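Should a chain be cited, it is by its letter among A, B, C, D, E, F, G and H, assigned in written order, with residues numbered from 1 in that chain.
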Amino acid sequence: MSPDVLIVLGSKSDVEVGKKAASLLKDFGVDHKMVIASAHRTPDHLRELIRNSDAKVFIAIAGLSAALPGTIAAYTTKPTIGVPVSGKVNLDSILSITQMPPGIPVAAVGLDRGENAALLAVQILSLNDESLAEQLQEHRKKLAEWVMEDNESLGE
Amino acid sequence: MSPDVLIVLGSKSDVEVGKKAASLLKDFGVDHKMVIASAHRTPDHLRELIRNSDAKVFIAIAGLSAALPGTIAAYTTKPTIGVPVSGKVNLDSILSITQMPPGIPVAAVGLDRGENAALLAVQILSLNDESLAEQLQEHRKKLAEWVMEDNESLGE
Amino acid sequence: MSPDVLIVLGSKSDVEVGKKAASLLKDFGVDHKMVIASAHRTPDHLRELIRNSDAKVFIAIAGLSAALPGTIAAYTTKPTIGVPVSGKVNLDSILSITQMPPGIPVAAVGLDRGENAALLAVQILSLNDESLAEQLQEHRKKLAEWVMEDNESLGE
Amino acid sequence: MSPDVLIVLGSKSDVEVGKKAASLLKDFGVDHKMVIASAHRTPDHLRELIRNSDAKVFIAIAGLSAALPGTIAAYTTKPTIGVPVSGKVNLDSILSITQMPPGIPVAAVGLDRGENAALLAVQILSLNDESLAEQLQEHRKKLAEWVMEDNESLGE
Amino acid sequence: MSPDVLIVLGSKSDVEVGKKAASLLKDFGVDHKMVIASAHRTPDHLRELIRNSDAKVFIAIAGLSAALPGTIAAYTTKPTIGVPVSGKVNLDSILSITQMPPGIPVAAVGLDRGENAALLAVQILSLNDESLAEQLQEHRKKLAEWVMEDNESLGE
Amino acid sequence: MSPDVLIVLGSKSDVEVGKKAASLLKDFGVDHKMVIASAHRTPDHLRELIRNSDAKVFIAIAGLSAALPGTIAAYTTKPTIGVPVSGKVNLDSILSITQMPPGIPVAAVGLDRGENAALLAVQILSLNDESLAEQLQEHRKKLAEWVMEDNESLGE
Amino acid sequence: MSPDVLIVLGSKSDVEVGKKAASLLKDFGVDHKMVIASAHRTPDHLRELIRNSDAKVFIAIAGLSAALPGTIAAYTTKPTIGVPVSGKVNLDSILSITQMPPGIPVAAVGLDRGENAALLAVQILSLNDESLAEQLQEHRKKLAEWVMEDNESLGE
Amino acid sequence: MSPDVLIVLGSKSDVEVGKKAASLLKDFGVDHKMVIASAHRTPDHLRELIRNSDAKVFIAIAGLSAALPGTIAAYTTKPTIGVPVSGKVNLDSILSITQMPPGIPVAAVGLDRGENAALLAVQILSLNDESLAEQLQEHRKKLAEWVMEDNESLGE
């Protein structure tokens, strides 16, 4: 059975960004799986993977000319979140993921922002899951508390 | 009563991009509303608007130093979609919307891509709405058919 | 039967750049065909098209987050030439086509440079076609002559 | 009682740039305070903080999609100085802070230039404080002397 | 006698941006003057102008390699506001004005944002002028009202 | 006798990128040679080298204002592949190699992508070499297998 | 006999920028000539032209991947001035001309700045020509006077 | 007595780039001097320095918003060479130095290219110095020989 969120890495080198996403989904108790599938090196495998998946949300993580999120979005009408991975240029992955043509949206988050991709996935799933919605509220409160704690630690 | 999707424009000059979003939502029969509220000129109004809204998805459309999507995302845990609007620099709105800090995700779409923001909203809502999910499948088929028709018209 | 060169446009809006390529191939008497197929809107059609093509060289022309050349390159081991199409950002299509990952090369030419994509295709085909090789030599001479004629026309 | 200058950091990671500002203000004997408050993670706290502050000048220090300076500027009509913090992209924070819409100005200084933000604050305050104005003259002379000393140390 | 705000244009071609600043200052009743003085073509004139001016705030408006704001800032310890003017590159004037070295701050506003430079000047002057401070509050309210009126006019 | 592929480095500092190309060509059993020849420091040597070479494909590897690929392309009608080398700016070499004028194409690959330049050369040569064509198919399969193995190693 | 300054255009489309240079040289009475010669389309002609020229200064004007100035600099040890010509990207010609490797300098001026290239040539020639040096002083004075006249015309 | 070439550093942190220039001038036996003088921190000193200098060529080395070369060019009609120094943004110093307004040229060389600035100065001085002209020819030959030696050392 498919997980609710499928995290797809374009290559093994994207794994650290992927772990940020997986870790947050785990914290929220969201059923998820992380796999590697390349839009360029394993196009047929990627196609089968997405077409046969029952995931509700896809998170695609890739660097350089990051075609992965767009390719996944082309194979599904489920929401696809794209995470650009940093490298020597950075504008390459950011623009490759953001500048999708009309008709096939990708939800781009920031450079290396695996955790934000996961949070966005949780936000989406929480529209139909009261418990998740409450956890999000809690998480948001904690974020604020952490800021206030950091504030305390500034001393002065 | 709140609409399912609230489209927020940063200023009146963003209205053409907003109409692309509204038009697509109308085609899908999704309950929506389009308003102007500025993160910089009407911060209190924006805060009240978002805090009191029952919208399931927010679409924020803004140019320049486009703080609107991030500000909305700060006031809600519902999914927020950001649309950068083109101007003299373009990298300003793209990067302002994409490069959100950890904890507060915005789902960025491409420059002036109001229709993609709306489609992403429909994809999100369709996770819990069979009829929308079917319409998305139909829409995707039509996109492909239009490509094939364009193909025919190339002649040769 | 497949043409020697298949020109693939990502959308109808790329047709002017495509015509530059087609026109040059016609001048060289190279068997070619121009079609529209989108990596994002018609992924299955594109896959079938490339997998079943006997073309020796592919020319892929696309703007924005231009995944088309890379997707074609993923489906074939024939040389794939990518042409970025200009728009509001330009660095998006240039970097999307240039910055391919290891293992799946795309031969990028300049922004809107359909004619150069075609010339590169002719150069490739001429490795095994004496007549084309001679035509290339003639074309190169003509380029130089045109420069000299422009030079004359400067007067002074 | 409020300090004359309130330094607001978008997150704890901005503290080194903040210290440059605080240190210079201390040298000039300007009453100041440094706090952390996030436009995205603690929007209500930030709003209260700014609305209730009697500070004459605000210095906002933030990286990435740096909405902090603009958000502060939206809550006050006091001068707001924004300091972009360096990261993997840099143009993100520079453009997010510089490209404010008409009506809500932010005074942007250079990347990581906390000390210049503080100097600008001192320049502003010195319009109504003879002692500060004189200190600024002294400081300017010292800057020149340091250049001349560096010059000496070049030897040759 | 010097005006309170001196607007300096780098060349006659910057006059439209300058008028935006002058017009706003006039609305606020702030004593001001607009002149042309080039850091590169009239360096001595510029030096005399700034050194002999009793202006409280300087607004420097320039395009390309916009050295004007920094040069003015070098001749005065009064607050200097820099306005980058748009052209074929845009990042040239934005970065030339923003990226000042430590010790000599310039307060950069957005591309062609003459009105924001003037508002920033008013904010600075209002620290010591109750009437201006009140006018700023009124202006801010009007900005919000205009947004609300635009909102009305959206209809729907 | 000339090799099939001539790899030209703009300077000794490009050798690591060159070795990636040479290593891949060796794996495919393609006859090749790697030399240093500078468009700027040894223009006559470069001209003689290219004019007298019987190589079927040229790979030019250079950083900064990378004129090498274009200069080689100007001296031959054989396919020329350009590899931009990374440095402090990166957009310099990418744009210098990509943005060739009409009439003289260069096939640009990604930053530091020596291996992709070599693969592109193999793709070109394989149009007329069944054995190479088969090796490319094998190589492509191996790429996919490596992805699948990386996938396994993700565990979870 | 060679002129003192040889203006070389990369293509006929650069002629407007070339005329700015020629016109200024004419005003100064400097012996000059303007020709078209392409680094990519007429490499041999360009080489002969530069090698056989007795010009004291070369001005090379080119757009896109502007190899012309660097190629000329490679063929002569006389000062070579490069003028990037504007197009769809602009950073391409600016960086192609500026980022020359060690050993072969090009003196880059601004985008489309033919007149500045000519002025730089006059400055160089005037080191050994009293009359030119005086004319430069006069020209500089006129520049300042024009600024002052523009200043007058601001009225107010 | 003034040296033939005056190297001006914007700050002590530019000294490594300055040494590259000084070292090359020493090799050519050109009389030179290196000083620090800031356009922003010591504007009067800089003005006196340039106005009273009999140097034939100025080399100005600066990072960030690099106004130094343009300011020197404003005070002299002698050729001024500008060297952008690398930092966190790089496009700031490159564009600040390249994009000078009409009438006041700066000869920009590449990022951190002190040696090229010196070579350009030598090229300029050699127009009137046979011995320098010959040394340049020798230097150019050595550059080529070094390339050939590097070539040998590739072995293979």
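One rule holds for everything that comes next: a residue touches a chain if its C-beta (ideal position, glycine included) is under 8 Å from a C-beta of that chain, and two chains touch if they have at least 3 such contacts.
As the structure is a computational prediction, the values presented were derived from the model and not from experiment.
Participant: Chains in contact with chain A and with chain H: which ones?
Facilitator: Of all the chains present, those in contact with both chain A and chain H are D, F.
Participant: What angle of turn lays chain D on top of chain H when you fit their CA atoms, given in steps of 5 degrees?
Facilitator: Best-fit rotation on C-alpha atoms: 90 degrees.
Participant: Among E-H, F-G or D-H, where does the A-D interface recur, judging by over half of the contact pairs matching in residue number?
Facilitator: D-H
Participant: Measuring centre to centre with CA averages, how many angstrom lie between chain A and chain E?
Facilitator: 42
Participant: Between chain E and chain G, tell me the centre distance in angstrom, where each centre is the average of that chain's C-alpha atoms.
Facilitator: One centre to the other, that is 34 Å.
Participant: List, in ascending order, every residue of chain H touching at least 2 other chains.
Facilitator: 11, 38, 41, 64-65, 89, 91, 94-95, 98-101, 103-104, 110-111, 140, 143, in rising order.
Participant: Tell me, which pairs of chains are in touch?
Facilitator: A-B, A-C, A-D, A-F, B-C, B-D, B-E, C-F, C-G, D-E, D-H, E-G, E-H, F-G, F-H, G-H
Participant: What does chain F use to touch chain A in their complex?
Facilitator: That would be residues 86, 90-91, 94, 110-112, 140, 143-144, 146-148, 150-151, 153-154, 156 of chain F.
Participant: Touching chain E in the complex: which residues of chain D?
Facilitator: It is residues 56-57, 77-79, 81, 84, 94-95, 98-111, 113, 115-117, 119-120, 123-128, 133, 136-137, 139-140, 143 of chain D that touch chain E.
Participant: Name, in rising order, each residue of chain B that touches chain E in their complex.
Facilitator: That would be residues 9, 11-12, 15, 22, 33-38, 41-42, 45, 64-65, 88-89 of chain B.
Participant: For chain C, which residues count as touching chain A in their complex?
Facilitator: The touching residues are 10-11, 38-41, 43, 47, 63-65, 67, 70-71, 73-75, 89, 91-92, 95-101, 103-104.
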